[in-house]
Structure formats: structure tokens, C-alpha cells
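Alright, structures below, take your time with them.
Okay, so chain A shows up in both of these, paired with chain B first and chain C after.
Moving on to the complex of A and B:
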């Protein structure tokens, strides 16, 4: 009997029940989409912020000061401490390896041009292929870390291409003053050799780099006889915004209690990542580039908070919308409920039947809504960030619980109210 | 007569119409509350999200300023940039969009005792706080003269702490004497004289080829700050010297500064006795107190920072090498400001800091697109929610419609009544929603960005119109259906 009654309503009042299911589906899809976007927006914006370049620099422990402070021309003799190029792969073996987005080494030198002028040449990686001890492989290099460079002419160097080891990229000011074009060959003399190189690209960086040369690391190492040596590494890492613990740890990790230390070490704070880099790169000091790291944290925090508040608003909106409609639909059925009461149905059995009908409708609405919400989330992810939004499993119980709660909150008081009316009055149509 | 009766007739008709609407609203209070509530929610979300969407670029843009300067001001070739010229060049940018402008003058100073030399930057610390909010200072920023901020790397190498003293020496650059140089301006007068209590006052003045003074720098740090020390800060006093040539007479060419007569006399005496040199001064040494250690993770950690006044005092030159500007504006506006500065100023040229400006434009446009899409999706869904509720509320009244039709009401009058009711609800809900929505946007803005949101006056009518339109549109279908049905059937309850 109960099932027949439930089925009866579901089929005979199909239109009304569809309307409710539709509204619940909309609410559920809104909640699903917003919650998923909210939880993924941090990662997405974090990746976008990689536009600003490296947020960690790694330098040799002893000589980090010398080259910066002494503005000496032939600094090669002064700059005695180096990092080892063969250790760079270890960056991808640290605890937070997955968060290291990109990295590139630098080795600078001054080279003499045929007209006896000297320019600064920076050796670095350009899409350098790296096989890791873990069996994975990746391409790392400067290309992704200088998103603001404009390639005025030519193209980015790519080490995987034929002949790239004899190519360089020149800054636009340098190229202008020397009258270089893409494809020209130039003779570079370093302290330990001379190489003829081809200009592969001319870039506009809007800074000091415009008066410098960028070349594959190997070339600069050969020119100055510094095999396997690197003077600094830039690392771009996804980080968690600093909090009080991270700031304490940055000052002195040793002063933390073992529990705090563990929390800190296992959170992607920029100071924790720096610390782990120092552990794997011999004789290195890794420090956060505050300009990038600090601002990143700031903007991430704000974006996430903004999304949380918008999500809360839309959740409240859809919750109120659903419970409102459920209330309206029950009151609409006051006649039917009055009739049931008049022919002797008990209050609890009426409540049971109506609730069962509505919950079944809600379940159908939720299922459709979750799929729709998935679609909306992906629509937002693809059109804004160009990548899929990761669907979090915890969203399912949250949205299901929310829908159940909202449906109950919308229907129970309404049923009570209708039941309290006298059947005769309801059937008469007064009220 | 006839006229009056028709007037009366229309009057009563209108009255009746109003009464029907109000009584229907009152009688069916609970249902109407539900409908109103639903429209109110829709309008709240509309007003709240759209306000946030409109204000996000401005608010988020301000957050992005923590990345530091996005425009550099440099002297044009062969020109000298001064603080005054810098401020003049900024007139093309609306003051409310300038977050900060920090001047920098870089020189190398030697620490004789340790045979080391550092890059020192003269700047304005009040502006640095704004242009480079990522500077992290252990201790405090220098507040008065002869106080400096030291980069972490320097502090670690020579063991400086907050409160330590350090003596730095300025070695004036050695000029190669050529015929061209001799003809060009660039000679200096530099000298000293006894001021108050016999302490020395140093004066350095640059002169042009007609021996007229073009700029002057006074170091009176030995004098009592509130009396003689004033001559260093008083621009009017310094301005009196410009364009004159020595010997000067106090009281005729130059007026003494009130409360600083002895020091003023010393300045004039020092100039009159000054040697004419092609180098600004003899090496000068000054002892500074370290007030803070600077951490940035960048090359600034290898610098020493001091105030521009201190920099002028030790080098004897009043000029700046570069100024960092932090402007809160869109990418297009930034480029136009850069062009305007370059056009309007005779001495300054402007350059975009591509790394900051470009990246900001990229990230900000994504964020704005995100908020836009989210707003669009939420609004669409909410509006559908509102109309389904309205539909349910109206179709519930089919019996009433049938009854009224049976009593002889015309389709038009029924439709007009329902539409009137819907529009009224839309109006009320729209006003409610616009107010609540703005309150919500305000809460978001204060919590997220710590500043209040700007109210969009157009949003109030927009929210009302949209609510009314949605309410009316969602009534159309159920009314049409109710009217189409045979009254007898509806009344029977089928």
C-alpha cells in the first residue's frame, strides 16, 4: 500500500515532482561545482602565479655573498664555491618533489667578443632532459620560468634539437648594439677557450638581461673550464602560505618541538622546501625569494577566502531555494493530505509517505545534480585555467547531506502545519 | 455627469484591483512569504555577486601590488633626476592610483677597517614600505639621520646587529680630465666652516660653467637638530643658493634661517672659503647606526640602505638614479602612464617592469574570468530556482482561478491580477535583495581584502528589474495553463 501510494504520487503528479527534482538538481549541481572549484582554486591559482618566476634560489654556502657584493669584473677567480650540476636531479627526490614545478641552474661568466668588448653570458638549461634515479624523467629549464620574456626574433633554444649546444640567445639591447640578427655566428672567447656560436633567438626581458647572453650550461662550462659546476639554481615550487609555525621554523628549525617539526616538515611551506633542498644539494643555501613567495601566499589566501565566501553564499542560496520549493509543494498538497486524514490515516503514516516521496525525488535530483555540477566545474576549470578541476570525493557526502538536511528542513514543518489543520476545512478549500 | 460616473467607475475598479491584490497577499500570507523569500534570495545573490565581480579587479589589483614596483623612472640620457623632478613627472598619474614611489641612489661605500666595499642605496623608507611590502626587517626602519638598514648577507659577513655602529667611507669618483670635461659643467665647490660650538659644517655645491651654483648639499649633522640641523631639511633655505655665485653675503644674497643663524653663517663661510675641485669632495667618512637587518631573498640582502638625506650628505650630490613606482592600474592604463610620463617630463623616462606588469595582467585576468563564470553559473541556477518556486506557488492557485472564471472574471483581469502580484513581489524582493546583497559583498570585502567595497548605484534598479522580470516571467506559464483549463474541472479538483 505504502509503495503504491508513493509510486502513485511519483507517477500521477509527475509534473510537480519533476519540478522539485529539477530544483534539487540545480541546487546540488551548484553546491557540487562550487565546492569542487573552491577546493581546487588554490592549486590552480598557485600554478598561475608561477608566471612570476622562481620563488626559491639556491646558492653555494660560502660564496653567496662575494659575486653579489663585489662588483668586480673578473669575478670568476673570486667565486670559488659552486654547486654540482649532477646533483640537480635530486631536487625531484625530496619529500615535496611533486611540488617542484620547474628549476634551472645558472653559471655566469664574462666572454670577450671579436671587437674586444666583454659581455655577461649566463649558462643555463633550455628544456634539459633529465633521467631521475627514481626512474622518472622530466624536462627542466629556463623556458617556463621567464614567461614575461618576449622573443623578438627567432625562438627559444631547445636542447633536444640538433646543434643546440652551439647556439645562444641574445638580449635585444645587446643584439641592437652589436647589429646581430638571428642566424648570425659570433666568436666568443672565454677564459679557457673559444667557441663559434649561432644566435638562435633575440629576447626582450625588460631588465638587465637585455644586455646579456644566455647559452646552454655546457657551453659556458667549456668556455671557462668549470665542468659540472653551477653557481646558482632557481626553483619554482608550489607552496602553502606561511603561518606562524612556518615563520618560527624559518628562523631556526632546530628550535621546534619534534611534533611541530614534523608538521612543518610535512607541509609545503616555502621554508620547509628550502630546508629539504639544502639536505640534498651539497654545500647549498636555499632561500625564499620573498618578493615572490610572500606575495604568492597573500594572493592565494585572498583568492581562497573569496571563493569560500562566494561558495557559502551560493550554498545558502540553493539551500533556501530548495527548502522553499519543498515547503510550497507540500502546502499545495494540503487537500490531498486532508483527505488522507479524513479517511482515517495516522499522522505519522502520512508524514512517512510524503517524506518518502520527497526523499526519493531528492535522491534523483541529487544524482542528476552531481553530474551537472561536474559539468559546471569542468566548464569553469577549462575556460578559466585551461585544465580540469579535480573532483574531490568528500564533496559527494557533503552535498548529499546538505540536500537531505535541506529537504527535511523544508518539508517537516510544512507537513506538521498541514496536519494541524482540520480535514473538513482543508477539503472545503477554505483555509 | 457621465464623465464623473465613468471616473468613479474606473476609481472603484482600480480600488477593487488593489484590494484583490492586497487581500490575496494577506490571505495567502505563508505562500506569498515563500515566494517573496525566494525572489529575495535571488536578488541578494545577484546584487552581492555582481558587486564583488565589479570590484574584484580593483581589490585584487591592490593585493598584487605586494609584488613590488611595476614601473621604473630613469633619467633621460645626459639628464639628472632629482626628487623634485620625480614628483613633477608623476603628475600624469592620478594620485589615488600611486601606491608608492621610492627613489633610489646607488653608490659604493667602503668599510676601511675591513677593506670591504658595499653597494649603498639612498632612498625614502616611508615609500619603500609601500613599494616593497615584501621587505622583512628585523629591528626597525631608520627613522632619523645617520641610521641605516643593512642587508642580511652583509650583516652576517661582518657580524652586524641591530644597534651596532659602522663607519663607511665615500670615495668620490676620479674624473679623467679632458678638454670636453673641462668645458662641461660638473665642477664642485666643497668646504667646511665652524658652526655652533665649533663643530664643522660641510657644504658641497655643484656649479655650472659660469660658476653659478646648480645644486647644494649641506651636512650639518654636527649641529643641534632642532636649531642648526634645520638647514639640511629646509628646501627654501637651500633654494636661495641656486643660480648665485660665490662670494656670497649673508643677509644680501642669502637670508639666514631663523633659529639657525650661526649654522647659516657657517654654510656661507664654508662656500666662500671652498676650494674649487673637479671632484665633489675629499673622501668622507660617516659613522652610522644599524637599526635593522633586511631579509628579502634577493640581491637587496647585499645592500646597505640609508635615507636620501644621508646619501646627499655623504656624496654631496642631490640626484637619484632610479625610482620604483607601484601603480595600481590595469595593463593598458599602465602603458599609457608610461608614455605620458615620458612625454611630459623633460628629464625622466619611464619603463614597465615587464616581469611584474605582465604576470599581474595574466593572473588577474584569470581571476576575473573565474569570478565571472562563477557569478554567471550561480546566477543562472538561482534564477531558475526562483522561477520554479514561483511556478509552484502560482499553480497551487488553480482552484482560485477556476472559481473566479466561473464567477465571470475575464482572462485578462485574472492575468493582470497575477502579473501585478508577481511584479509587486519582484519589486519588494528586489529591494530587499539589493540591500542584503550589498551587505554580503561588504562582509566579503572587509573579510577578504580588509577594505570596504564601492557601492554600485546602478545595481539597485538592475536587481529590482531582474527580480520583477523573473517573477513575472515565471508566472506566465502556470497562469496560461490555469486559464486554459475548464473551470469546472479545476474546481472539481482534478
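Moving on to the complex of A and C:
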């Protein structure tokens, strides 16, 4: 009979219940869309950051000083200090190893071409396969870290392919001036030898690189007799935006209290990751490419704050709407409620019936709202980020909880009304 | 046994000089089992107000209403609700059926509220006696005022309480049905030993009364009968 009463009222007051469901659906859809976008946007911005290239560079302790002061980075004669190639795998053993998305070493040199002109050649990794001390393995290299390079002709080098150790990539300006085509062979002379290489790809980077050659690290090491040596490492890492603690730590980690130190060390601040990199790479100085990391972090924070605000406002709006509608529906039913009390129904069974109706309605509203929210999220994803938003499973219980809270809060005035309703007043003749 | 002790009711509301209106002036009243008490009086004299106070629906401003010695308005909602259900059946003056249930379901509702099955058999008997047996599966919306009134009476009888309070039970009824209703109420008192209380304009009701009162301006006085 309880069920029939509930169904009866749902059917009886269809218009009002539909409105309540609609209000809830609206709130739920906005909350769903905003929370999904909020979390997904974090991942997306981080990916953008990765596309933007490295956010940490690692250099030998001595050279970094020199090249910073004299701005002579790239002149190999001065580059007397090196890092060790065989230590690179250790990057994936630091505390924040999982935040290290990609990395690649560099070693540059000047080589002489058959016409006696010299060009800069950069040795680096191209999809370099690494077996880690932890037993895992991964491919690292420049390919993912220069995603904006336009391959005008040919392809990216890949060390896993046959013959890659005798291939190079040439910048478009260089290729043009030399009249090189993909597949051409060129003779390169370094300080310690000569090698014949094949042009595997021609790229347009939109910068100085367009006049340079990129080759497998081994090749450059052989040409200049610098076995196992690299002059710098670029690292792409996911980081937490800096706060006051991170800035203090960046100045001098040793000055932190042991508690602060622990917090800092165990948070993915760029300074903490740099610090940990220095711990594993001998004689190195790791520094953040700050502009990028910080501004991205700030914008992300602000966007997410905005979305939380929109979510809260839309939920408050829903609560107000629900409160009006539920109160109106109770007023419409005050005669019935008075009668139920008169024949002995307790306050809590009446509020129970009322709440059951509202919750059934809310559930329907929530289901519709979630689907609508999915649509909204995709709409936002495609119009703002140009890609789909990945729906996070944890949003479902969160939105359900929020909607339950909003529904309960919205129903409170009506419940008070039910409790205060005096049956005598509504059963009075002629009223 | 239901006993009202020195009850009065004030409605707080601006009416001329005072900021309240005394709808029922101090009075005492006893409803004894097996008797029919009839309350007559002009419209607005306070009959419904008094009946509501007696039936546990309206707390008096002063005084107590004792049900078998218990002051019902001192009870918490849970217990007062149970007293209403088990002891104090009311036929309200206003229309009082739930539109979403059939007539039969309405009649069984008081019993069902507390998990009792409620006797459909008894319900059918009362409905037949009241001339609405054919309406048991109808919904209240399509029913006439008199039919609704009789359905409410059937519900209060089915509630199977020792006390039965009716507000204008014959209000919408023709003479023939008035006679039937009065007869049924008389039987409820005499055969089942209920304490029956009627607030009515219908002077025919005096014929079945064991006690009768006239209400005027919130006061009652005994009318001598027979």
C-alpha cells in the first residue's frame, strides 16, 4: 500500500515530479561535466606540457657554470665536463620515477662535410631501449620530446630498426642548402674518424635546429672519441605546481626542518625531482625550465577553481529549485497529510513516504543528469580542448553523494512543514 | 472512556480589540462507552474545534484530555499517533479520502498503517449497510459528497476503535441516508459499546442521543432529552 501511495503521488503530481527530476538532472549534469573536465583537464595540460618538451635539464656541474656565464654552450672545446650515459637509467629509480615521462641525452660536436664546411651535429637517443636495474624496460628518446617537429620528408629515426646507427636526420635549411634528399649518403668527418651516413629524415623545427644534424648518440661518440659521454640530459616530468615550501626548498633543501624536508621530498615539486635527479646522476646539476612549468601549473589551478565554483553554484541553484518545488508539492498535499496524521500515521512515516518519493524522483533525475553531463563534458572537451574528455569512474559516487546532499537539503523546509502541519487546520470544514 | 477537563481553545489572531479569539470557552465533558453524545449548535459556535480537541488533533490552550486516564497531549508524536489510530476514529467535516487509493483501500488504510491486515469482510459489510457497496473499487475523485461522507464513516467504523467522533456525518445526506447513518451509529454504541460523539445541525440526531449539548459562542449547555 505504501508503494501504491508513492506511485499514486508520483503519477498524480507528474508535472511537479518531472520538474523536480529536471532540476536535479540539471544540477547533476553540470556537476558531472565540470568534475570530469576538471580532472581530465589536469591530465591534458600535463600532456601539453610534455608536448612542450622538457621541463628539466641536467648538465655537468662545471660546464653549467661556464656556459651560463659566457653563453658558449655548444662550443665543444670548452665542454670539458660530461655526464655518463650509463647512468641515465637511474632516472627511473628515483622516488618520483613514475612522474618521469621521457628523457633523452645530448652530445654535440662539429663535423666537416666533404666540401669542407662544418655543421653542428647532435647525438641523442631515438626510441632507445633501456633495461632498468628494477627489471623493467622502456624506450626513451627525443622523438616524444620534439613532438612539434614537422617531418618534411622521410621519417623519425628509430634505433630499433636495422641500420639506424648509420642514419641521421637533417634540418630543412641544411638539407636545402646542401641539396640533400632522403636516402642520400653523406661523408662526415669528426675529430676522431669519418663515417658514411644516410639521411633518414628531414625535419622542420622552426629554429636553429633547422641548420643542424641529429644523429644517434653512439655515432657522435665514435666520431669524437667520447665513449659513454653526454653533455646534457633533457627530462620531461609531471610536476605539482610550486608553493611556498617548494620555493624555499629550491633555494636550499638543507635549510628545511626534517618534517618539511620529508613533505617536500615526497611531493612531485619540480625542485624535489631535480634534487633527486642530482642524487643519482654523478656530478650533475638539474634545473627546471621554470617559465613553462609554473605558468602551466597556475592556469591549471585557476581553471580547476573556476570549475569547482561552477559546480557549487549549480548545486546551490538545484537545492533552491528543489526546495521550492518540494514545498509546493507538500502544500498541495497538505490535506492528505493532515488526514494521514488524523488516522494515526506518525510524523516519521509520513516524512518517510515523502522522502521516498523525492529520492525516487532524484534517482531518475540523477541518471538522466549523468548522461546529459557526459554529453556536456564531451562538448566542452571538443570545443575547448579539441579532444574527448575521459569520464572518471570516481565522479559517479561523488556526484551521487552531492545530489543526495542537495536533495536532502532542498527537502528540509518541506519536511519541517510536514512536521509542523496540524491536522486540525487542514481537516477543518470549508478550509 | 474519554474525558475533557476544563479545556479551552484560543486562536491567536487579530479580531477587533483582542489579539486572540476564544473559540471554545472553558468546559468539561465525558464520553462514556455505549452512549451516543450529540453536540448541536450554529455554524461558527465551536463544534469542530471541540471535536478536534477531543480526537487528539488539536491541543487545547488550557486543560487536559484524558484517554483512560492518560493526558493524550502530553504524549510524544509516536504515542499520540498510535492512540489516534487505536482509540480515536474521526469522521472529519471536510472531504477526507486519499485520491490515489480506491475506496476499499481508503477504508482499510488505518489498519494497514500499523501493519494490521484489516478485515475486508467487515469493510464490505459496512459499505453495504451504508449503500456504497458497489463503489469499493472506485477512486474518490468521481464520487459525490454524500458517497464520500459515507465512505469516511465506513473507514472510521472499520478502524474498530472504542471511541468514534463524527463531524457533521449527515451533512451531505438525504433524509433516507441520514436515518441509515444514525441507525448504524446507534448500533455501534449499543451493540459494540463504542462511545459515539456527533457534532451536527441535524435535529434527528437527538432521537438517538443519550446525552445532548447545545453549543453557543464556545460554551455548551446540556439539553434535556426525553
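As a convention for this text, the second predicted complex is superposed on the first by the 276 of 431 C-alpha atoms of A that agree within 3 Å, B and C clash if a C-alpha of one lies under 4 Å from a C-alpha of the other, contacts with A are read in each partner's own complex, and residues count from 1 in each chain.
Note that a residue touches a chain if its C-beta (ideal position, glycine included) is under 8 Å from a C-beta of that chain, and two chains touch if they have at least 3 such contacts.
All of these numbers come straight from a predicted model, not from anything done at the bench.
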item: Contacts of A:335 with chain B and chain C, given as first, second, both or neither; value: both
item: First, second, both or neither for A:134, with chain B first and chain C second; value: neither
item: Partner chain in contact with A:41 - chain B first, chain C second, else both or neither; value: first
item: Partner chain in contact with A:345 - chain B first, chain C second, else both or neither; value: second
item: Partner chain in contact with A:181 - chain B first, chain C second, else both or neither; value: neither
item: Per-residue touch tally on chain A - higher for chain B or for chain C; value: B
item: Residues on chain A lying within both footprints (that of chain B and that of chain C); value: 335, 429
item: Parts of chain B lying in touch with chain A, wherever the complex brings them together; value: 30-31, 34-35, 37-38, 41-42, 44-45, 48-49, 52, 56, 60, 63-64, 66-68, 108, 116-119, 132-136, 153-154, 156-157, 295-299, 301-302, 351-356, 358-359, 362-363, 366-367, 369-371, 373-374, 377-378, 381-382, 384-386, 388-389, 391-393, 395-396, 399, 440, 443-444, 447-449, 493
item: Residue ranges of chain C in contact with chain A within the complex; value: 48-49, 52, 55, 57-58, 77-78, 81-86, 89-90, 92-101, 105, 109-110, 112-114, 155, 159, 167-168
item: Residue ranges of chain A in contact with chain B within the complex; value: 16, 19, 22-23, 26-27, 29-30, 33-34, 37, 41, 45, 48-49, 51-53, 57, 64-65, 68-71, 147-150, 204-207, 287-295, 298-299, 302-303, 305-307, 309-310, 313-314, 316-318, 320-322, 324-325, 327-329, 331-332, 335, 376, 379-380, 383-385, 429
item: Chain C-facing residues of chain A, complex; value: 1, 4-5, 8-9, 11-12, 335-336, 339-349, 422-424, 426-431
